[in-house]
Structures are given as C-alpha cells and as structure tokens.
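Letters A, B, C and D name the chains as they come in the text, with residue numbers starting at 1 for each one.
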C-alpha cells in the first residue's frame, strides 16, 4: 500500500469530517438547550449562505454582509421560537421534529422566494487547491481550503466553548439544557434563552454555509448537508459539542477510507450508507453515542 | 341527535367486542365501503382514479405499516421507503422468475421479504431508542437503495437500474385500466386494514402498546422484548412491502430505486404524524392530507393568478406553495398535535351532544 | 379579612390562637384562596390561603399529594411550565399581585424557589451552579465573587467541592448547592421544597440549622414544604397543614407540635400508646372528613 | 361563522372553475410539467423559461401557429416521480384537444409515464434525457428522445477525446474514468462506454457518486490514484460544481474533464468559481443572447413587460436556450402536423405524426433565427432521435465558448445497441414492432 496515498485519504477524510462537524454543531446546540431535533438546520445553512451571497453580489461589503446576515439569522431564530416552538412547548419530541421538517419547507421556499433559485459561486479568498509545499516534498495533496476550514471549525468550537464555559448566558444555556425547571426556578427566562440558542445556531449555520458554499457553490443542495451531519450526530451523541467534532473526524476519515479501499470491490458508492452503518455499529456498543448523556430509566 | 348510541344495548361479549360497537359507525363504514367499491369506480374520472385515489390508497397502506411500528409499538423509523422498495423489487423478481405464480401471491411474498429485511434492521431497536434509532434506520434506507442499484439480480441486469412492472393478471383477467388498478389496490388495502385493526385489538396489539408506553415495565411483566419489537418491525415492513409492490405495479408501472428515496420515507412519516399516531383511521386521513395538499395548492395557484389578473413568475408560485405547505404542517401540529384522527374524535364527541350543548 | 375558606374550628379541632398581627397587617407574602387546575381538568388546590410574615419561617406540612409542592409552584409561577394554572384567588408579595408574573420577574422581586429533589444542574460544577443563581442580577465580577464567598461561609463544604460536577456530589451537598444557588439571587424569600428528602437525619439537622442561620442573619424569609413534620416544626415559626388541596389546620409551630391530632397524624406520636383497630378506623374517618 | 366562510370559499373556488373553463377553443394546449423549486430548480426554471417565452413570442408575434393559439399550464413536480405522474394525469386531458405533447424534464418521470403515454396515445418528447432505447420508433411509437440521446452523446465524446489525442487509434491504452450520478440517469451510459472501450482499446473505470453528490473527496482521490487521461463527468445539479472543485483539489486538469449537457450550464460552473476554468462540456444547443430567435423573444415578450425570467440576465444562458430549443421543436412539430391535418387544434395523435415527420433543415433554422443555435433535425418512423450531434464548449471562467463544430455520433454502434435494447424491451412487454415501411 502506498503510504502517502493512505495519508492523503486519511487527512482529506478528517478534514471533510470537520466540514460535517460544522453542520452537526448547529444540531447539537439546539438539541442541548431545547431538546428539539432540528431538522431545519440544513435549510438554515442554505438560508444563511444564500442571503449572504446575494447581499455580496448586490455589492455589499463582505463584513457588512456577514453582520447583516447574522442579524437576519437572529430574527429568524427569534421568529422560530415565537411561532413554532412556543406553541408546541411540552409536546412530544417527534411532534417538534416534524414541525422542524415543516420549517424546512418554509425556509427553503422563503430563501428561494427572496433570492431566486440560481446557484451562486462564493469565494472566500482561500483557493481549494493542494498546498504546494506538501505536494512537492511529500507528494501528499492536502487542500489549503480544507485546512482553513479545519481552523475555522476549531476556532468556532473554541469560541463556543469559551462562550459556554465562562459567560453568564453560556452558563444559563447549559443550565437550561440540564434542567428546564430548575433553570426557571432560578429565574432564567426560557424563551429568551431559546431565542438566543436559535440565534447562535443561526450563526453556526452561517459559518457552515460559508464554508460549504465556498466549496460547492451556494445552492439548494446545501440543505442536503444535514444528511451528512446525521451519522456524525448519532456517533458523537446529540448533546455533545465535543462529540460533534470527534464524530465528524471519525465519520469523515472512515467513509473516505472505506470508499477508496473497499468501494471498488463492491461497486462503489458505499459512502451513501457506510457512515450510517458505522454509526449504527457504534450505537450497539454505546446506545447514547460516544459522548451523549446517558439517560437513566427507572420503572 | 343522529350520532347517539343510547338504546344500543350489548347483550353478548361478542357484540361488545366488535370492531365498530356503535351502529352509526357501522353504517358509516358500510356506506364508505360502498362508495369506495361501487361509487368511485362508477363516477370518478381517470385522473382521480389513477393520479390521486390509487396512490392515496397505496400510501395509506404504507402509512398504516409505519403507524403499526411507530404509533403502536413506539419505534421510530425513517426507512419506510426502503421497505417499500424491497417489496417492489422483490415482487418484480417473483413475477419475473416464477411467472406461473399468481400476482397476489407474489405481492405477499414480496411483503414477506420486506418483513425479513425489516426484522434485520429492527435488531438495533433492542438496544437503541428514540432519535438514535430513527437515524439508525436511515442506514437501512440508504443501504437498501444502494444494494438495489448495485446488485444486478434485483433489476434483472437492467443497465439503468430500472424495472418495469409486469401486467397484473389474476385468473386470466388483466388489470390494466385505472379503474381496475384502483379496485385491486382497494381490495388489498381494505383486507389488510381490517386485519391490522383486528391484530391491534388482540394480545399482539396490547403487547405493542405496552412496549411503546414503557418498554422496561413491559419486560418486567413478562412481555418478551425481542419477540415483540421484531414482530412489530416485521409486520410493519410487511405492510410497507406490499404497499411498495402496489406502488410499482398499480401506480408507477416503471420504477427506479430512487423513487423510494428518503423523501418518500419522510412523507410517510408526515402522514403518520399529521393523521394521528396510533390510529388506523389517522393513517388514511394523513395520507389523504399529504397526497392532496400539494396538488390542491398547485391546482388553485393557477386560478388564483387568473382571478387576480396577474402573472407571477413561475418560481414564485412554486416557492409560495412550498412555504404554504410547510406552514400548514406546522399549523396542524400546533392546532392538534395528536393528528387529524384526534380532531375527528373530538368532532364525534361533539356530534354525540349535538344539537344540545350538554 | 379571610384567612381560610373554612375555619378548622367548625370540625371540632382545638384552634390554637393565631398571633394577632397576622390578621391585621398586610402580610409579606399572602396567598388568598387559590385554586389550581392541571391540564384544564385536575383540580389540585381547592382554595388555599396562607400568610408569611417578613423574616419568619413558615412550614407547609402534609402528606404526599396534599398540594404542598403545587402551592409553592403556584407562588413561584413554575406551574405554567407543567400545564397548571391558577384559576381563582390571588397571590400577593409585598403588596403586589404576582400571580401573573413570570418566574424570572419573581426572582427579580426576591422570591426564589428551591425545588424538591434539589434539581441541580448536573453537568455544571458546584460553583457554576451557584453562579447561575445570580443570573437575574447584573452585577460586577467583584460583587459576584463577594456573594460567592458569602455563600461559602454558610456552606463551607461547597467551597471544598466547588470544582466538581454537581451531579457527582452527595445528596446533602446538592441540597446545599440548591439553597446556595437560590441565595445568589439575593432573595427576600426562599420557597424551600422538601429540603430533607433523601437525606440522613444528621444532614437534615445541618440543613435546617443553616436555614435558621440564614433567616436570622440574612433576614431571608422561608416558606418550606416538608414531610418531616417534627423537624420542620422545630425550626419554623408558624405552620400550615394541607390535606387534599386544602388547609386543614394552622398555628404557631410550638402549638402545632403540641397538638394531639398533629402528633397523632403527622408525628406518629401518641400518648395513648398503640391504638386499637377501631380507633384507627375512627381516625381514618376523621381524616377524610377533614379533607 | 366558520361554515359561512367555508361557503364563500367554496363559491369562490367554483367560480374559479367556471372562469377557467370558459375560454376560446382555437387553442393548442401544451402541458409544462417541471420544477421551479428544489435542488434542480435552476435547470427547470431556465428551460421552461425559454420554452414558455418562445410560445408566448409565437402567440404575440404570429398570433399563434397558423392562427391556433398556444396555451400552456404549469405543473410543479419537484423532480419527484409520483408528482410527475400526477402532473401527467392532471394535464393530459386539458385544452380543447388534450395535451399535444408531454415533456417531463426528468429521466425518472419519463420512465414512469412511458407506458401510460403510449396507452393514452400522447407523444412524449424527451429532449436530451429519458430512456435511450426509445430512439427506436418501431417499438416506442409515442416516445421521442429528440435531438440527441445519451448514447450518441457519449460516442461523440469519445470521438472528441480521440481528436484531442490526435486520432482514434491513439486512444489505445488510454485510461478514462466515468464519474456518474448514482441513479438511472447516471447509469445509462455505462454499456456504451464499455462497448467503445472494447472497440478502441482504452480502459474505462466507472465511479459512482451517491446522490446528491455534494461530497466527492473519495471519488476524486480514486481518480488521482488511477491517474486517467480523461474524465467523463455525468452529473446533475450540485454534483457538477462539487466535482470541479474536487478535481481542482486533487490537481486534476479541468480541461481533461468532459461533461454531459446536464453538467454543462452556467449553473454548473459558476458555483465552482475558478476551479471550473477550462472545463469542457458537450451540448446540443449553445449559449448566447445574440441569436435572432432570442432577440425576437426579447422584443415580443420582455419589451412588453412580460416574460418568465425574473432574472433577465439568464436570457441566453445554456438552460434558457435549451428551453427555446424545446419551444422550436414543439412548435415546428405542430406546424408539420398542421400541414397534414389543417390549421386547427390537433389531437395528440396528429401531433405525434407531426413529430415523426419533423424535418427542421438548416434553411428552416435560418428562417427561425436559430442557425448555429441548434442542429438540423430529421425524425423518422424508425429513428426518433433525429440529430445526434453535439458541440463541445469550454468554460473560460465567465462564459461557455464553443470549441468544436457539430460532432456526429458513432451512429452505427449506437443504433445497433438501441435496436438490441428495444428488441429486448419489446419481447418483455410483448410488443410487436411497427413496420416502418408501411408508415406514411
């Protein structure tokens, strides 16, 4: 076996996994704080990226566009809390899950209604080409952009960690995630907190949208990356930020290795199901995912 | 006034245990069946028969299948379309390789194959629960479609992976016209629905519900977890498999594996939730709602444009439809999280009192 | 002014003399004849009235399901999160109606509940738990630190465990964390639900000592729901006894502790020794009648 | 109260129904089943934009086809098979004579309604998609994969690659990778590529990309390992820009990637940014708004403030022009049929005759203002494809530049395979092929 090629597959898999993690993070945030499995996260990614790119194409400065998009996502987050979650409070999880699928349709339609259904290109200034130095010296192709995405993801996770660990709101978020009632009892206003969570998830969606948009173009198919994040979630556990990252790395690396080294023997295309089967195998050992919180069940 | 059970006394256990204990219900069901079996084929036009009623019945059957699993046995699944695909492709293979076999037998065997697949993918449910299980069933969804595309045997080595359903011949009669196909579908669906209704009233059904409501407690009182959960997966997948075979034979005719994609799984889950979790009637209502709503929105869009005298860009209309569809789903979930079946029940309760307020 | 829907006297109970001040002066916290319905159907409180004076410790006593927790939640307004609703009656704190306020507003006003079963944030450390208590107050880091130190002076044990996840601390420490967390909101009144639940007697004693300390030194009023009647009456100033969603008896703590019926029903003490079966039947009937 | 609202709503709907039916009868109805939302919306809205604009231009400029007005109705099917079938059933009886022709814009839906359309005697036109072996008009009298089918296109591609390599004999020993969308559409060309590999002595590796194709790291790493001389890209939607990006990532030269026409629109290259530069794709129509026919549309439709395209910059794009091709072919087919059956609304059966006897010559193309816009087309009873040639175009970073003339397919090979495949279908379905010598 050619070790350089193996390293290349492994590293590109890990970096692809980071991209999945970016999407998975949004799911985790919302699930943690409100117990909602938000299927609309993919649509939010699409919505954010499309809004951003349309603003830039209309001549807006990059950073202003980021801020405006962020503001839009906050408004969307608050609106979702107000119009969808609040009336459905105390409903079973499956109902909320369904509601977020409905939300997916609304967001998809709204985004295309506002900005049209054309795909857009998005350049962040980091070309998606191999790092020359590595290619020359070690004959290993690692994309600059992937490394950049990895750094961004790292920064995002670090930022979220600091936010969660040290700030008053962050602490409140974790408190709400742990125990709604007790959080209410100490005077944490759930609704505001939920609105904040959705807004933060909107921010994460924007980052993910920028990354994925720069990679594949900003188009409707961005909504499908939610499907890529699902095995990451079950592997890592729905409630764990760390799980989203580790899960992403494992899924990314193993699916690439499987496709490259196993795929040719079975006709290829195994990427479509391999991550799920892998996650399933993990679940059989740990039913709540790698880092998920163990649920205590008593009769 | 009319819907009132006063005066209907049950003198035997049998009478008390019948499927529809209230006379008005029996009359209503009988009337519905008469309409479905006689009225519809006589009066409905071809469009309604082949584009709406037949798929509605087929999807209702699949919804019923998922409802047995999700609504009664409490196991969430996102792999429904995969079980349907197994049904469709296996029915094709049975009919292709054993041409002497009656087509209905092929359907049943295809259903059994789907049940077998369902049981295999139901195994994780012994350990995994809730959303983790739901996402795990996605493995089934993707794996089955991949296998159908990859293994030439399933599609009789068709280069494009497409199968064309054979003619449905029963006792020398070929079911070809939309009315024929509708009738065949209706018969299958009606029989399976009655069977489901009875099964869910039996010990099996009660076991399912015990597992749904609290599996550990159910285990403690002696219900065998493995047997029950796998049975639920098996029966549910059987229904889905038969629905899939009908989807291919009575509806689409020619199908590629992609016709059974995740989207379809989600739509069927929608039908369960909107219709009412754990309700057979709800399965039908949910299917009707999800089948009809987009068509309705699409159909009224044109006249509305006409009426307002404006021409909206096509993209706008389609996107609006999408938004309205999503919003209506959320709206229904908010108004009645327990589904249309619950609304119907409330309606019936009110009808019992009507026209007197108390 | 009314205090109860039905005077206990009417049922042949010896009515202990209530402090005269109670009926005259508007109370610190006053609950007036409230009714609570869960899910629009289940009537849990059927007209409960009670008063808490500033700086006092009032105990709310009764068996399981008597409505103690519901009363507390009605006051702190946590009810609505459980689909419960106050349908009749009023709740006033410092002369203001509070029955339509959100829990957040109530905490800001100085009413804080410590929930039954402690409800610590399991994945947060002890210190983080305490810090969440100060969520409603926007204060400087230094003040926050000072407040933390104050809590630690009352609960020195928490200082030792400040860095550990509260889910892994003992029951007593969790109870301390929960009370400490409430203290961080600088409350005027703490609604304390079953502080003794699941704790060893020695710890119960310790917790109640601290409650008394807080009461005297920090002038925090307490309304505590408790099943452990004996301990509660020892530390409380005044007590109410609930049965099936109604107040059946109230009085100064000492009086209640001396009351024969209370002794018999709630303290399990009886001067007459072991009762005959007949007496027990009689007692059951009497109890039902009261409710 | 509620019932009152309901009543007025019902009344309104009823009135709408009345309004919709009370219309003139000198009309030819053309259904427009397509997709304006979803992952492929760019393709659907672009093609039907051009198609509908062309029909409206004919109506506005000429007052219809020989006085028969063209009407249409849109039906959104979201690229979903089941909804496509519903659209078909809904629209097939509309208009005074029913649906003249039916376009699906989806290979999957074409498969699903192929039998139904044949039974209903409604001609199905699948321009550049659909089932390849339906080119055999003897077995599939009602299906017309016009202009060029996938197999023809692929042989032309190999010819193009051969010409780039300096002759077909130079293909020997070369390595070609076929990256395809893992669906019925993607798999269509595998047999023809295998057959050609045998003929010319090159090796071909087929690598599937699971839908939707937004992650192709592994596939392109395989490409890097194989080190092929050429890559054939058979994508759709997001798969295309992703492929180009992934190719750039592993350093595969884009000017050695040849795409099918569903991978060769602006919508496929723009999202890939610089990574798309140099990429080559086959096409049966070219881009550009300067053709007289497109100018006519602008003059007759957009100048009056009408038109389908919200974003007028898209007029003249690949998809839009492909829609115009759809329009030209449909209208010319109706015209041809009118020459035989008279200038009145025609039945689908009559339009079918028109399509089968369609002969769009270069001269006619010139009249239509579409010279060089599309190829000449001659359909016959046996050959339902008609043209078969493609032009290759290269993305220069801003627009598509045509780099070859029409390259003809390897008709002999393709025809042989089509006939074999159609014969197998006929056998399976018990169809007796028509005898074309007896057709008028």
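Here, a residue touches a chain if its C-beta (ideal position, glycine included) is under 8 Å from a C-beta of that chain, and two chains touch if they have at least 3 such contacts.
All values reported here derive from a predicted model rather than from experimental measurement.
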item: A-C or B-D - the one linked by more C-beta pairs in contact; value: B-D
item: Chain centre separation in whole Å, for subunit D relative to subunit A (CA means); value: 36
item: Intercentroid distance (Cα basis), subunit C paired with subunit A, Å; value: 44
item: Subunit C-subunit D separation of Cα centroids, rounded to whole Å; value: 75
item: Where subunit A touches two or more other chains at once, by residue number; value: 108-109, 112, 116-117, 267, 269, 272
item: Multi-chain contact residues (two or more partners), subunit D; value: 36-37, 41, 45, 182, 210-211, 310
item: All chain pairs that touch each other; value: A-B, A-C, A-D, B-D
item: Contact set on subunit A toward subunit D in their complex; value: 2, 5, 8-9, 12-13, 16, 108-109, 112, 116-123, 127-130, 135, 141, 143, 145-146, 212, 215-225, 228, 255-256, 259-260, 263-264, 267-269, 271-272
item: Contacting residues of subunit C [partner subunit A, same complex]; value: 76, 78, 81, 83, 102-104, 106-108, 112-115, 119-124, 128-129, 131-133, 135-136, 178, 181-182, 185
item: Contact set on subunit D toward subunit B in their complex; value: 13, 16-17, 19-20, 35-37, 41, 45, 48-49, 52, 73-76, 80-83, 85-86, 88-90, 92-93, 108, 111-112, 114-116, 131, 182-185, 187-188, 190-191, 210-211, 306, 308-310, 421, 425, 428-429
item: Sites on subunit D touched by subunit A in the complex; value: 36-42, 45, 182, 206-215, 217-219, 221-222, 224-225, 237-238, 241-242, 245, 248-251, 267-268, 270-275, 310-311, 314
item: Touching residues (chain side subunit A, partner subunit B) in the complex; value: 37, 83-84, 87-88, 91-95, 97-99, 101-110, 112-113, 116-117, 227, 230-231, 233-234, 238, 266-267, 269-270, 272-273, 276-277, 279-280, 283-284, 287-289, 297-299
